[in-house]
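Alright, structures below, take your time with them.
Presented sequentially are two complexes of chain A, the first with chain B as partner and the second with chain C.
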Partner chain A sequence: MIEEIQRHSEALAPRFDGYRRRALAIGLIGIAATVFGYLTDHQQFFESYLLGFTYWVCMPVGCLGVLMIHHLGGGRWGFAIRRMLEAGASTMPVMFILGLPILAGMHDLFPWTHTEAVANDEVLTHKLPYLNSTFFIIRYVAYFAIWTAMAMLLTRWSVQQDQTQETWPTRRMQILSGPGIVLLSLLGTFAGTDWLMSLEPHWFSTIFCAIYILGMALMTWAFMTLVGVPLSKHQPLDVLLTNERLRDLGTMMLGFVMLWAYTSFSQLLIIWSGNLPEEITWYYTRLQGGWLYLGYALIGFHFAVPFLLLLSSRVKSHLRILIVVASGLMFMRLVDLYWITAPAFRDHDGGVLQSVALTPHWLDLAAPIGLGGIWVFFFFGQLKKRPLVPSNDPRFDYGALAAEAQEHGHHG
Partner chain B sequence: MNDTSTGNGAHGLMAEFETPDELLAAAQKTYGEGYRRLDAYSPLPVHGLGAAIGFPQTNIAVISFICGVIGGLAGFALQYWVHMIEYPINIGGRPHFSGPMFIPVTFETTILFAAVGTVVALIVLNRLPQPYHPVFNVPEFERASQDRFFLCVESTDPQYETEGTRSFLQSLGPVKVSEVEA
Partner chain C sequence: MPEATERRPYDQPTEELGPGQTSYTSITDKITSVVLTPHTPIQWFIVVAIGLCFVGLLQIAIAYLLYEGVGIWGLNVPVGWGFAIINFVWWIGIGHAGTLISAVLLLFRQKWRTSINRSAEAMTIFAVLCAGMFPVLHTGRPWLALYWLFPYPNSMAIWPQFRSPLIWDVFAVGTYLTVSLLFWGVGLIPDFATYRDKARNLLTKRIFGFLSLGWRGSAIHWERYEMASLILAGLSTPLVLSVHSVVSFDFAVSIIPGWHTTIFPPYFVAGAIYAGFAMVLTLMLPLRALYGLHDFITDRHLDNMGKVMLVAGMIVGYGYFMEQFMAWYSASIYENFLMDNRMFGPYGGSYWALLTCNIFVPQLLWSKRVRTSPYLIFMVSMFINVGMWLERFIIVVGSMHRDYMPSSWDMYSGTIWDWALYLGTMGFFLLAFFLFVRAWPLIAIHEIRTLLPTGKKH
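Let's look at the complex of A and B:
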């Protein structure tokens, strides 16, 4: 059976190479445009680059999180997408390197790096032990070190399980995933605080990073759907990634759309009803002018429309609708992050009620597209490396599944 | 024993099986034979059994959805009426129409109406309460809630014919086939 899976998986390599070529071409064009943007406008470059980075870093981290959920909970959907999740998590070092420009641009992005401004600001002086450049860089390295280590261990054990009938690799993956998911949530909280919340260092919200982490998982479900639908038409995933499993991915998207809406709205409700000067400024800026309409767009297309479409199991069994919803959600994640980050740069002093103009820059699209192309290129590179279906997992028998599907095929 | 072959007076014929797989296979064969007035009884959910006896897709989800929408609108309207028309009151300087503050109650009434509507619809669509049902006339049927699986072909089926149906059900290898008195 393993040989057969291997053979079918290898047969898909040309298809993956095709995806890689296209992704690389798009990525290089995007990066070239972004570099051109750097030469013309430093400040805008770093702002857009941070958007692209905080967007695409969601993929490897989200894949790692969903992979751990799969190891802890089981379920056939997980076996269907495990190799894709592992491929996604394995791209962690790529995102580490792609994020280095953020460290170079710290001074342009984060107000707490301005020493003289911090010295005159009592609040920021108090936050100095955490919000300082050295510790920021140390934390950046630490997040990626731990994420990469966990991703590598899970991937290696998964490959080892392919080669042995004994169950110790599965056991190890489960043992790591329990504490791992706790650690991942903590790291995600710190990373979200560093990269997003500290853009306005006076402002704080305890649920903010939960929104970011849930967004990572939502993006992962959406991306798995986009990759899974075409793969479900080919061996070896055709018998595993059935329409029911793809519908499961839709159900997961529904769940995380609701979670995103729930946490995002909770943050708004608490801050809006509290109406405290140190909190409300964040929303004040974002609920003025064009930003307000962007906010309505988030309610509509990050929540209402996908929620209503995914609610009905009949609607979400149409693969085309699933693809549209997944693509839409991928895009709305970017809009959400834009709505979070961009006003911060136009309201750098914080703590002041201020209206700012919604002035999107072409770099806000070029940078995410460039980074995305590069990331997708490496993703399919990783996906090519291993058979697309895990073997020997004690909870899952691909052979029986394939035999059953074949039998049904003969009847039908 | 009645000798009419049309099954007049009987509710139908019931075959008893020992495992869910046997029941599922029997249900599929019976449906495949052309019988449509079928019902299956099992102490545990059997995946695919509903489809096997041709149980129609119910519109309970649509009912839940509509009830939820009504509940949401009602909850929002109630708050609008209270805060804007009937008793406008200044709460901490917030506007009378405080959109975000209306959402939690709107959410709750959505859930409440959807849940109550679903339960009521479930009772009505299942034609409950039903103090009498003929299948309980078969003594073995009490094990339907314990460890036995039953398939009942009802006499209203156009293809129903006491002896023919009985021998067909026998061919499925049940523990027993019993006639269900109406």
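Let's look at the complex of A and C:
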């Protein structure tokens, strides 16, 4: 059984190598362009780089979170994509290294790093115990250390589960995942505060980081769909990633699209109604000129269109539509983060209401593409390492499933 | 493909149906016997008697309120909203578990919901009725409430303030009650027909015959029934989120520190589910003991409900944490004062009691032994019932008693009439629920039959 899965998984290696070559090529071109951007306009470079980083870091963290939810809740969709989630979570160290330029560019990105400005600003002085360069770096290291440790443990136990009939690896994965998901939410909250909210250090919102975390999960479901659909046509995942399971992924995307819209709308409504100067400034710049149209685009393509498409189970069962929706959502996540980050850099005076022009820079695409290429390269590297289907999970019987599929004749 | 590997027993969930129920007949007999019998357990009479006493109290409290006015309550300036809104939110929240169990779990194909959905839906409806009493009575002249609350074209061109979440509440709660009633009613039809067929007494036969709307159980009936259930489940699902979100907007769209915070909608929804499951357990566990329903409400149910409470409780805890963290992070003197006052001010004790009830004690739910022990999980549920009331007390009174202007600061406490009304609604709830248990099918017979091994194949 295990040998069979192993054999089928290894047969897919050339395909993964193909993906990796392409991803690496795209990644290197993107990185080269980004480096060129650094030489020409280093302020813009850091801004775009932060966008790329806060976008792609969602993948390993989101994979880790969804993996833990799977360990806690079970469900067949989880077995079908577990190795992909593990591969995603295992790329954590790569993301750690890719994020280091942010630390180098702190002074260009975060107004609270300017000692003089902080000294003259009561609010920023109050926040100094949290928002200071040293603690920011310590936190950055701590997030990745804990995330990496949890990802490594879950992956290691998963490999051990493949090799033994004992149930202890399963039990350990479940035991870690309970407190793990609590820890993950807290770290995600602090990370969102650090990397996104503190770009405008006067602004605050209690739901903001939850929206970012939900976005991570949404992006994970979309990416799983993009990788899962082509893999569903090959052994060993063909019996697991049936059309029903792929539709489940669509349902998950629907759920998180709704949660994203619900939380984003709540934040807007509450801040708009309160209309307090320290809060509304954040929306003021984002609901003016070109930014407003970008906001409309978010309503349309981050919510309305995918919502309506995913609502119908008939539409969801067309794999091509599912792919289009998933790609669209991947792109809209980037647009959402652009809408969150970019206006922040146009308003460094803090608290001063001003409209700023929407002026996209080519680096805003080059940096995410470069980082994405590198990340995808490492993702498939990890995916290649282990058989695509976990064995010996006591909650799940692959052999019986495969036998059943063969019996019904819709094999391969 | 190779041979199927031997499955090892691991974490085998207890069945949704206990070992005592082996056939369609045993299920039908067991559930119908609660209603179609001249024998009623003495405990039922005791509970109903207690309920009736408190309903009497409720009537006195309402009568005196209408005679004297809302001045008999403990309201003052600055605490213009007291028990009425606290209890409204508390009751509305409790209702959410019923909707979650019957609608969301149906869409997620969770089989274990079948034995508890009917009574949880009944609980929802009675809880919403209790909740509705408070805002209507708070108007002081309830016979004019419809005139004030419902927008209708009139010659004076006077409309309610559509930007006020209080008017959104009218629509949200109204929709919620309507859809819940429909969902409950549709589900009851096939069981009414079973009762009609089982009843010996002619009058009982007639009553259930009327209620079953001519149900004959033909294939087309079942097809339409399934369709209607799915549509109603689809309609109810967004209501789980929307109703309590709108309730949270009552507070959050204002600019009062402690109310105006963006995490409120999801945090209120999680709190509602939390309180609702605690109330389901508070009702189910005594009922299970009273009528010997251990085959229908098994350890599996307790375990699952315990898990739902744990998750909802963690989200509520995240809300508390974010309020604290962002109050500090905001660097706003008002937010900082509020949090300081919340912890160490005159109502500080309630805050620590709240944390104990809602956060510390429920951590016991991490243990499977606690989740499956009826006594322990009942105890935890009672803590949550109290904790969720305290949460609303902290939000309402704790945020208002210290106004922006220190000269208007004042303390608040419920008067005897506040308590009488609150206890009165509890009596109403208890009475309504136990009347329902005695007279109507408290478990969906036709649904629970599908859990039998013979039913599962199809």
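By definition in this document, the second predicted complex is superposed on the first by the 409 of 412 C-alpha atoms of A that agree within 3 Å, B and C clash if a C-alpha of one lies under 4 Å from a C-alpha of the other, contacts with A are read in each partner's own complex, and residues count from 1 in each chain.
By definition in this document, a contact is a pair of C-beta atoms (placed from the backbone, for glycine too) under 8 Å apart; a residue touches a chain by one contact, two chains touch by 3 or more.
This is a predicted model, so every value here is computed, not measured.
Student: Put the two structures on top of each other at chain A: do chain B and chain C fit, or clash?
Tutor: clash
Student: Between chain B (first) and chain C (second), which does A:Thr40 come into contact with in this model arrangement: first, second, both, or neither?
Tutor: After superposing on A, A:Thr40 lies clear of both chain B and chain C.
Student: Who does A:Thr359 touch here: chain B (first), chain C (second), both, or neither?
Tutor: In the superposition, A:Thr359 contacts neither chain B nor chain C.
Student: More residues of chain A in touch with chain C or with chain B?
Tutor: Of chain B and chain C, more residues of chain A lie in contact with C.
Student: For A:Ser312, decide between first (touching chain B), second (touching chain C), both and neither.
Tutor: first
Student: Counting only touches as set out at the top, which of chain B and chain C does A:Ser273 meet: first, second, both, neither?
Tutor: So A:Ser273 meets both chain B and chain C here.
Student: Please indicate which partner A:Thr170 is in contact with in the superposed arrangement: first for chain B, second for chain C, both, or neither.
Tutor: In the superposition, A:Thr170 contacts chain C only.
Student: Tell me which partner A:Thr206 touches in the superposition: chain B (first), chain C (second), both or neither.
Tutor: Once the two structures are laid over each other on A, A:Thr206 reaches chain C alone.
Student: Go through chain A and flag every residue that touches chain B in one model and chain C in the other.
Tutor: Dual-contact residues (chain A): 269, 273, 275.
Student: If we count contacts the way the header does, which residues on chain C are in touch with chain A in the complex?
Tutor: These residues of chain C touch chain A: 1-5, 7-11, 163, 241, 245, 249, 252-255, 260-266, 314, 318-319, 321-323, 325-326, 329-332, 366.
Student: Hey, which residues of chain A end up touching chain B in the complex?
Tutor: Against chain B, the touching part of chain A is residues 265, 268-269, 272-273, 275, 311-313.
Student: Within the complex, which stretch of chain B touches chain A?
Tutor: Residues 61, 65, 92-94, 98, 100-101, 103-104.
Student: Taking the complex as given, what residues does chain A use to touch chain C?
Tutor: The contact residues of chain A facing chain C are 1, 4, 122-123, 126-127, 130, 165, 167, 170, 178, 182, 185-186, 189, 193, 204-210, 262-263, 266-267, 269-271, 273-276, 278, 392, 394-395, 397, 399-400, 402-403, 405-406.
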